[in-house]
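You will see subunit A twice below: alongside subunit B first, and alongside subunit C after that.
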Partner chain A sequence: MGSTNSTLSKIPNVEELMRETGFSPAHIVRLYDRFESLDKEKTGHLRPEDFGAINRLATNPIGDRIIGAFFSAGQETLDFHSFVKILAHFRPAENHRLRDPSLPEPVNSRTSKLKFAFQLYDLDKDGKISRAELLQVLRSMMETQVTEEQLESIADRTIQEADLDRDDAISFEEFRKSLDRVNIDHKMSIRFLR
Partner chain B sequence: MEDPWSLAVVLLQVWLSVMIGLIMLPAMFGFSLGVTSVYIQILVKILEWATLRIQRGHRERPSLPVPAPLPNGLIQREGGSMEQEMGELRRYRSQSISRGEFALSDSFYFYRKGLESIVDDQVTQRFSSEELVSWNLLTRTNHNFHYISLRLTVTWGLGVVVRYCFLFPLRITLAIIGLSWLVIGTTLVGFLPKNRVKTWLSELVHLMCYRICARGLSATIQYHNKENKPQKGGICVANHTSPIDIVILANDGCYAMVGQSHGGLMGVIQRSMVRSCPHVWFERSEMRDRNAVTSRLRAHVAAKINLPILIFPEGTCINNTSVMMFKKGSFEIGGTIHPVAIKYDPRFGDAFWNSAKYNMVSYLLRMMTSWAIVVNVWYLPPMTRQEGEDAAQFANRVKSAIAHQGGLLDMAWDGSLKRDKVKEEFKEQQQKLYSITVVGRKRRKSSTYHADSLKTVIPE
Partner chain C sequence: MPVGALSHSPRGSRGFLERGLLLLVVLVFLEGIALPLGAASSPDTSARNGAAGHGQPDDHGGKLNETHEKKAFPVLKLEYAPIRMPFEISLWVLLASLMKLGFHLIPRLSGIVPESCLLIVVGLLVGGLIKLAGEEVPPVLDSKLFFLCLLPPIILDAGYFLPIRPFIENIGTILMFAVIGTLWNAFFVGGLLYAVCQIEGTHLSQVELLPCLLFGSIISAVDPVAVLAVFEEIHINELLHILVFGESLLNDAVTVVLYHLFEEYAAAGEVTVMDTFLGVIAFLIVSLGGVAVGAIYGILAAFTSRFTSHTRVIEPLFPFVYSYMAYLSAEMFHLSGIMALIACGAVMRPYVEANISHKSHTTIKYFLKMLSSVSETLIFIFLGVATVAGPHAWNWTFVSVTVILCLVSRVIGVVGLTFIINKFRIVKLTTKDQFIVAYGGLRGAIAFSLGYLLDKDHFPLRTMFLTAIITEVFFTVFVQGMTIKPLVDLLAVKKKQEAKRSINEEIHTQFLDHLLTGIEDICGHYGHHHWKDKLNRFNKTYIKKCLISGERYNEPQLIAFYHKMEFKQAIELVESGGGVKMPASVPLQVSMQNIQPKKQPPPDADRALPQFTKSREEEIRKILRSNLQKTRQRLRSYNRHTLVADPYEDGWGDYLLKKQRMVDIEKRMTQMTNYLTVPAAPSDSPTLRRTRLTSDPSAFFTKAPPGTVPTIQVELASPQSPDSVNLVDESSKKGVSAQGPGPKSGADPTKEQGRMVNPPSAGKGETGEEKEGEGKNPALLRCLSDPGPSNEDEEDEPFLS
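Let's turn to the complex of A and B:
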């Protein structure tokens, strides 16, 4: 492990990365060390198997989906930039009152976090969570612990609650409305220690 | 004195006599001249000064992007259990809907936990060196320390000179002498017929060599509770941080080593050691047959006059901040277990052998160019397997005792997780816990659920 500056200089386009994601140089260095320790073959890229080696992730019921979120669009490898950009979704949001509305939505705003969570459910990326997709998520979270009928009734009830335009699916707007009162920033953020 | 050769010879003679007189002889006979303790005290003063200087430097220039070292990991974790978190997540819903039941926000809990583990996880942490809270003036632990002041850099530079040019040659010479004496001494003792004199001599030879080797690492070892020292016919178990553990423990008593027989230099040492007193070396093929291993060890222990066996049940080197799961094989042999806790002081040198990163030789070189090795060894009272306790439970009991004594974290994860993956059961446990928050205990599919099995929460 070298000093901060030498590690930062190893990362290409690090200034742009920091601007886009809002991570401080210190955080970038730590994430880079983590990236390197996950990249056991030292290829400079991560593959789904490298994530699979993280034990706590392997015991997570939706671990596979989380890994899938990193490798969207059928990619097979993940470089450091993409790794950091996805993790940036989970940075605690800053105070946005003074934000310039012409700038693009920051990646860790409430809306962006919700969009990211939405993608967890909406596997085929058609903008709606269908009943089948919801069932799939429920199944992975509860697997053999509940019966199929129970799963279906839970799915039905959930769609009933959230589906406002009665199309038997949950769109992003309905998703957002349904979670209006949840403190998204608190629940979907990882607090990085200084 | 014009002839440079005679000058060199004289210097060599002086060097050797200094070494023999001041280091080896006291080492061989087990007393200390106190030089090392003075050295350690000076070192501590210097390191404290360095720490204060660095802290002052940070305060004076807060704009420096210096990440603080994080000995406990990267992120702040929520302390709540799954139930608590689910309750919080669902609080937003109106009263008319029952407290349980699924909510779209439930996945956030798993999502966050999953991402936390991607960024940092407790297990992988244990397989890399501990991060120090402040720099100890060794380049290798220099994670984030910028140039602070000239004096600090000069001190560091002096440290490099002292360590590489003065301490390192000294230590290498001692190590070579120690090892060669071990081989020669044990071979000589091996010629004697098997009687009390032979045993006594072999113990003496072993002790002397290990003491010289310990001096070769500038090791300062503090033994606690010597009354619990492992006895003949017992089994000594300890937590494993590096191959040096053997030298550390063998400085105070003689043990029968257990291990695989190697070729090359190690093989020579192993074969000569066996000549003077029985150690247990296995061929590679024998290691796979667990029963053969167990029966050989059992035979060794049963002969009460044999030296206590030294076993490291973790099976691999851990970074000395925690104790990982003990393999139950060692606890099936029977006999009395004498647990020992070993804790290295990380300020003076990082003793952890990261076998993925360094091979044995570069590891030893790193050891010999650290400041010193300062160790605390605690002998714990002997333990035996109780009625109705199986080997795994016994192993856990011993592990907790060692972790507690050494101030290490008691982790239930398996050391082999360095290489293997985790079992399905842990994932099912998560699913079980979650489904309770959704449908309640009674409506779950599995009618036979044991309250106790759910209390064995996912080990952290």
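Let's turn to the complex of A and C:
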């Protein structure tokens, strides 16, 4: 498509981006269009307010966390590359048997998907989900009236179940282990990004 | 249990085996004899149907004679005719159930041969016996009986307990297999059969195209009963199970339409393009109409269950009656009854379960399982009997070609469809999966009954069709059914994971759902999650308000899940003989204070029990606390309210019997709770136990931060707080370090005994002292200010007689 190529040429380092993330040109174009539509002031960067303008995200219980995940390390703006790289986590994974083990882990492998989810829990980035962080998540997910005691009981129970080294927090390994039986590839993939 | 039997001495096991076999033989004979005997003893021996009516004139004649010559008054009379029908039905049901019992007594048989095969063999035997006795075999697999009485319970059971999430996730695949797969099978088999029949030398040239296609459509449908029966035993992984099973359920619509279409036009002799177009429309109406009818009845049932809180006794009845009505209404309009049943069960389940009491839930579950089990058994036995009954018209070509073609078309269909489907699936279907799906396409009694329904005049080859259908059914059930289990093991197909869903999984999957919805919104993509989220919101805001009674509609799914888990554990604990932690009355008071400001009526107060007044609760708790046997502290959370109700009613009788099991349970608990506990000392005297027990509340409670204090509603005592875990560890560690593991049990009770004997204030002081060394916990001090448990010295042991 002629329009694809022209759009592609507008994006700097597009080949590198495609290689890193595994997206096809069509996908990159689609994401670029979306990026541009979100970037109302055409600055070439996204700010948290632009994300906030997405209505449905406002009603999402963990909406602000998701926005926060895009703007990691205290950045104020988000350029297209980072936007695409983060979305690459949600690409459906390829067949594992074909992957060369010597290559670095692709960004949409099961582990990296889980890492991304873990970061959403672990806001203070200490590598563990503490009880307080878990409580926060639970509180935001249970939008209706739930008593504090119930929340705390659930949080306690959760940590007790998952916490293997008994440090009262859930580390990434424990997190990964508790989701052993869940098909992460299926759950954390968006079909159209294939 | 078979395993138990094997563990006995060889003589014992052989005894079991012999007994089992003897039982079987006796039962078969009994059945075989009773039926012809029943026929013979009735005054009218000519017709077997509704002999009661015919019996009347003879009786009257007899009576008239009697008035003329006065005979002695008959002290004992045998009059079989009036009760014949119910008697025979009961006898059949009894035979079926006893057969099922018998099979499981024989240890190895049930492992090798699937139950369905054995039951068919039994049916064959019974039919053979009846025939030997010279009587005409009853047409037991009468289509009316089958479709109205035997099939609905099985389908309802399947629909009510259908795992919704995997079903919806794979709905595209399932629909492809069900609709397109069945169509392909029907036309392939029908068409090729016709072609084969046209070949010279088969003497079948009088078979026309339309009857062939009709035959193809009957035989091509995968049968839910057979699939259930076989797949239940092989414990295959959830995905494959839901694929094959879902396909067997949803292909009913296709079968219904094709069947009626070809049946209608077989007389006319041709099907035009207009007819096929109408057929497609009919298909849409049949399937969607069936689902709509089911959904309507489901919502009615859910709505009714909202008001049943005062008449819990008839609560279980509603799901059954509404579902059956849904089935009948759908059948009335020639819509798909099976889909109506599935829709009804699936729609009403979440709301009904939120409304009904725990006991009603158990009743529904067990009654459904019981009905469906008996139905299934009866169906297979009747299949056997009907085979013996005949009439048969065996034609080597037709039958063998049918069997081969069915296999071939199934394989080609599955492989072809998977190729297309895999382009759209995230989790692809592997070759192994395809093989199991193809191999698991069993035919069963539905095909037979549909064939039986055919009109003899329109279909002169009906008997040949029936013979072929029976052969195909036998082939799939016996050959495929028996070999699928070893094949599954051989191919190392993933089995079902038995572990229950953990709360971690529940929380994280919900979290991921939200995450994915958010990402989809960022991408501007209206995908899977977007619509699911929308549906959930709609459900929450409107539907739940109407259909769920009380305040419970507000309850998030996670809370409900959590409650269920806690409840299950609590029941487990109680059944194992107690060992349940009963905190003091104080938590209740504290929690009461906590609750007042929220001004929210306890959502679960009505769930499982009658309302207790506070004082009554107090009483009950005291009694329970003193009598439940605990040998160590347990930090498991549980649902106190259900414990108040159930053990009070149910547990006491078994309490004494289950003391021994406690030790095993404790061992398990230790591993599960993952913390250092005082090991159980089984030979404790009741006093020691009681002291530990009564002291537990105070020790426990002092460590519990007020936040985790249990509420009236549901939640558990302090146990889950990690703080409490640590503190208890400390204290028991302290005890351990002081003495060895042996006298540990002695040491603690003395300490605690001391605590108990002293008035609460002194005890507080002591505990306060103890805890000082562990570092002041402000929460602890706050707890200490509450009065400890009242002195339990005066409690005698009323229940431990």
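Just so it is clear, the second predicted complex is superposed on the first by the 188 of 194 C-alpha atoms of A that agree within 3 Å, B and C clash if a C-alpha of one lies under 4 Å from a C-alpha of the other, contacts with A are read in each partner's own complex, and residues count from 1 in each chain.
Heads up, the rule we're going with is that a residue touches a chain if its C-beta (ideal position, glycine included) is under 8 Å from a C-beta of that chain, and two chains touch if they have at least 3 such contacts.
What you see is a predicted model, and the numbers here were worked out from it, not measured in a lab.
Peer 1: Could you check whether subunit B and subunit C clash or fit when both are placed on subunit A?
Peer 2: clash
Peer 1: Between subunit B (first) and subunit C (second), which, if any, makes contact with A:Q160: first, second, both or neither?
Peer 2: second
Peer 1: Taking the superposition as given, does A:P92 touch the first partner, subunit B, the second, subunit C, both, or neither?
Peer 2: second
Peer 1: Which holds for A:A53: it touches subunit B only (first), subunit C only (second), both, or neither?
Peer 2: After superposition on chain A, A:A53 lies in contact with subunit B alone.
Peer 1: Would you check which partner chain A:E152 touches, where first means subunit B only, second means subunit C only, and both and neither mean what they say?
Peer 2: The answer is second: A:E152 touches subunit C but not subunit B.
Peer 1: In the overlay, answer first, second, both or neither for which of subunit B and subunit C A:D168 touches.
Peer 2: In the superposition, A:D168 touches subunit C alone.
Peer 1: Looking at the overlay, does A:H27 come into contact with subunit B only (first), subunit C only (second), both, or neither?
Peer 2: In the superposition, A:H27 contacts subunit B only.
Peer 1: Based on the superposed arrangement, let me know which partner A:M188 touches: subunit B (first), subunit C (second), both, or neither?
Peer 2: Both partners.
Peer 1: Between subunit B (first) and subunit C (second), which, if any, makes contact with A:K42: first, second, both or neither?
Peer 2: Neither partner.
Peer 1: Superposing on chain A puts subunit B and subunit C in one frame; which of 115-123, 187-195 or 349-357 is the clashing stretch?
Peer 2: Only one listed stretch clashes with subunit C, namely 115-123.
Peer 1: Shared contact residues on subunit A for subunit B and subunit C?
Peer 2: 31, 34, 37-38, 51, 54, 56-57, 60-63, 66, 87, 90, 117, 120-121, 137-138, 141-147, 150, 154, 157-158, 161-162, 175, 178-179, 181-182, 187-193.
Peer 1: Using the touch definition up top, name the residues of subunit A that touch subunit C in the complex.
Peer 2: Where subunit A meets subunit C, its residues are 31, 34, 37-38, 51, 54, 56-57, 60-63, 66, 87, 90, 92, 117, 120-121, 131, 137-138, 141-150, 152-162, 166, 168, 175, 178-179, 181-183, 185-193.
Peer 1: Quick check: in the complex, which residue numbers of subunit C touch subunit A?
Peer 2: Residue positions touching the partner: 169, 426-427, 497, 499, 502-505, 507-525, 527-528, 530, 554-556, 558-559, 562, 565, 591, 594-595, 598, 600, 637, 673-675, 707-711, 713-716, 719-722, 725.
Peer 1: Taking the touch rule as given, give the residues of subunit A at its contact with subunit B in the complex, in rising order.
Peer 2: 1-5, 24-27, 29-31, 34, 37-38, 51-63, 66, 87, 90, 117, 120-121, 137-138, 141-147, 150, 154, 157-158, 161-162, 170, 175, 178-182, 184, 187-194
Peer 1: Please name which positions on subunit B make contact with subunit A in the complex.
Peer 2: It comes out as residues 65-68, 70, 73-76, 88-89, 92, 97, 101-124, 128, 142-146, 413, 417, 421-422, 426-432, 434-435, 438-439, 443-446, 458.
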